[in-house]
């Protein structure tokens, strides 16, 4: 799993079926790269989370047919950004 | 999922079976690397999209036996390139 | 499999179901990047381990429905950090 | 899928079963990294191709039990190397 | 598949079940990064090999339930290190 920070919500009105009702988050990892994840937890911007990728990202969603390759798994209680660096 | 920009259509007349009738797009990610994706949405060049990779890329296609490891999932409504940087 | 060093335990009280009772470890690889792994072996911080990723990470857990994409597979008996460099 | 150029044939007389009769190609991607792919299309050195990776690489082979994680999917009709840069 | 060189055997007496009797090799790729692979071929240190990753790594083992995400597939007959560079 990877440690990432929630940046924003992704606004995207035109999607493939199977992503229609899920909220999408824009995340940034420690190296500064952006990614988009499905969020079954409900995380506000600014929080540090850890994410699961690949086929397991589908299994982490309440509906396992969701089209996703990155899902937020949990909010990290304490994370000092400097700890990561 | 990854945030990428559509650069062009990929012209490729000689393919393996199972890719025969799908349109292919050349995309560029934020780091500048190119990739090829199947496009079930129909996206013109210049648009910012997000893509799903791995085995889930097949599930995002109308025909789930399509030979692909990267599929365009949706067009991002507003994306400021500077926001990514 | 990848060679990584255990840095710390990850404290995370709010998780998706399916990760509820497993201990999570923060690891650092040779390039200095951090990752989070499930730990069925029980490894204290400071130890060098090797990890398995992708769908196989689930199969390495006692309960194969665990939501994980990185699992600690074993403790390396002797590992000279310089050997890696 | 990734855009790569065929460099050479890979000569390898000692292999695991399941790779015995397939031709293997050495490819180079745009960043200059090398990779080995199975080739169901029959591509001569120098050509630009696009490749599929992961579990889908097996599905792109005529025999879907082939041991491969990278398969050549098609020859790109026109590819200006500068276009990629 | 990736081109790598066998560096050493990995000594690891404490492992998860399912890896108990297989020999593990430490490999180095062209960029200098280390990885650990299962070895069904029997390769001495110093040899250039190619490896398969992901779920296919399990299928390349005689016992397909082996916990691995990287397996040595074959020894390359001739490999000039400069050819890779």
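What to note about this one:
By letter and in written order, the chains are A, B, C, D and E; residue numbering begins at 1 in each of them.
We take it that contacts are C-beta pairs under 8 Å (C-beta built on N, C-alpha and C of every residue); 3 or more make two chains touch, one makes a residue touch a chain.
Just so you know, these numbers come straight off a predicted model, no measurement behind them.
The pairing of subunit A with subunit B is characterised as different-residue: of all residue numbers used at this interface, under half are used by both copies. Subunit D and subunit E have CA centres that are 20 Å apart. Averaged C-alpha coordinates put the centre of subunit C at 32 Å from the centre of subunit D. Among the residues of subunit A, those in touch with two or more other chains are 54-55, 57. In terms of which chains touch, the assembly is arranged as a closed ring, every chain touching its two neighbours and no others. Beginning the circuit at subunit B and passing next to subunit D, one meets the chains round the ring in the sequence B, D, E, C, A. By the touch criterion stated above, subunit E contacts subunit D in their complex at residues 1-3, 30-31, 40-41, 50, 52-56, 59-60, 71-78, 84. Partner subunit A is touched in their complex by these residues of subunit C: 10-16, 18-19, 24, 26, 33-37, 54-55, 57-58, 65, 67-70.
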